[in-house]
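In what follows, a structure is listed as structure tokens, so that the remarks can point back to it.
Labels for the chains are A, B and C, by order of writing; each one numbers its residues from 1.
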Amino acid sequence: MDSLEDIRRLKYRYARSLDLKRWDEFADVFTEDATADYGTRATSEPLTLRGREQIVSYMRDALGGNIITVHFCAQPEIEIAPSVGDGDNADGDNADGDTAEGTWCFEDTVIVPDHRIMIKGSAYYEDRYRRENGVWRISHIGYQRTYELMVSFDDMPSLQLLANRWADVPQQV
Amino acid sequence: MDSLEDIRRLKYRYARSLDLKRWDEFADVFTEDATADYGTRATSEPLTLRGREQIVSYMRDALGGNIITVHFCAQPEIEIAPSVGDGDNADGDNADGDTAEGTWCFEDTVIVPDHRIMIKGSAYYEDRYRRENGVWRISHIGYQRTYELMVSFDDMPSLQLLANRWADVPQQV
Amino acid sequence: MDSLEDIRRLKYRYARSLDLKRWDEFADVFTEDATADYGTRATSEPLTLRGREQIVSYMRDALGGNIITVHFCAQPEIEIAPSVGDGDNADGDNADGDTAEGTWCFEDTVIVPDHRIMIKGSAYYEDRYRRENGVWRISHIGYQRTYELMVSFDDMPSLQLLANRWADVPQQV
């Protein structure tokens, strides 16, 4: 058991299940009481979501159909709290506690083929994690954007979308 | 010996030697019988390559001259098989076996200065690894694209290529 | 103490403090005698900086105001020198020395809203690290660009900058 590697993989599973629209796997990365604070968005006010169900519902609704997303995460800076009663590590075992915090850089790409737009941006995640029954999950996810920009395909007449994993998925109504 | 770190570095060496066109170093990341399944491509049908030699030859031919490539990999989710006869880990040594599987996200950029085009995309790799004589190599590499798009420099008259590591390398004929 | 993880986090702190313009935190990632060799730049000759103070001053001046930067780093290939007198590891302790080298891939985005330009590129860092009083710092940072391109917003009339963390920061004079 290596908590640091467990938490890294948790975050990678978050990004992969989100981008591959595997909503059951996506739900499983969150604690039931998880909160999400996705900061400003291209299309709306600051977005705060409360509870695993609300987070998953929001994403499933917002990112369904043939919308393409890539959330590309790296640069983990993770701090695991020491276990209770082990703060001084006097016994040298330096045991991991059951909560942790982490910062990540990410770049995201969102392509909405039906609206002929592409959104690109970057932000630093500031997450919290909690271990329950030996399993690390995300208890809070949040970020403040470094930047976000949107451009229309109309400005690039030559642009061809050569591959879209979701091309055969009809647009959601 | 840390197999997880060895496999991560193997993958990073794959990306770096590919983008820096160091074909001998690139060849050395693959087992001799390695297979590659690079999914749909901008310019062709699904691409399947068999054997280290075929993979290296294909890349050397396709990506020579002054073509710029960046394969940027992150988000490793690696599973190392337990060593044979150690499946239950009853002895607690939890020894690594000699095969592993891994998933990675990547974003790629391909710039073909002579054709004035840029290709951008992302996919999830699904790789297999094998350890022979203590050295981990890639035995299979594959991906399914999340998206891939191509745009011509003609749509961006202001675009300047300020640096190209391969600028002095003549286009391959 | 895990030197490999310490050095990875050092590099992530470099990128994060640079992009978030936290100059005190940025200064602290370098040894006092650190050198930087940032290769060719969009706007100037090859850039070589000597000493922590010069590196920090350069960045603070070049990247102030409402300029947006993202330095996105991944693919660490880090070699830690063995401790002196431990080269043969005959005693099996394989102790880490106090110097290390590392290669990283990165992609950078620079947006200068006031000049309506965006610069994108990629390079491989070739860094050196040194441990002093138990703390790893960057003693040399350098890269050779794979590519760098610049494009004006004027070519994309639809482009909207939806978020800029530095929007309220006045342009530096």
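Note that a contact is a pair of C-beta atoms (placed from the backbone, for glycine too) under 8 Å apart; a residue touches a chain by one contact, two chains touch by 3 or more.
Quick caveat, the model's predicted, so the values are computed rather than measured.
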item: Chain C and chain B - chains in contact with each; value: A
item: Numbering shared by both copies at the chain C-chain A contact, with half separating same from different; value: different
item: Mean-CA-position distance for chain C and chain A (Å); value: 24
item: Touching two or more other chains - residues of chain B; value: 72, 74, 107, 155-156
item: Chain B-facing residues of chain C, complex; value: 4, 39-40, 42, 72, 74-77, 103, 105, 107, 119, 121-122, 124, 144-152, 154-156
item: Residues of chain B defined as touching chain C within the complex; value: 5, 9, 12-13, 15-16, 19-20, 68, 70, 72-74, 107, 109, 111, 155-165
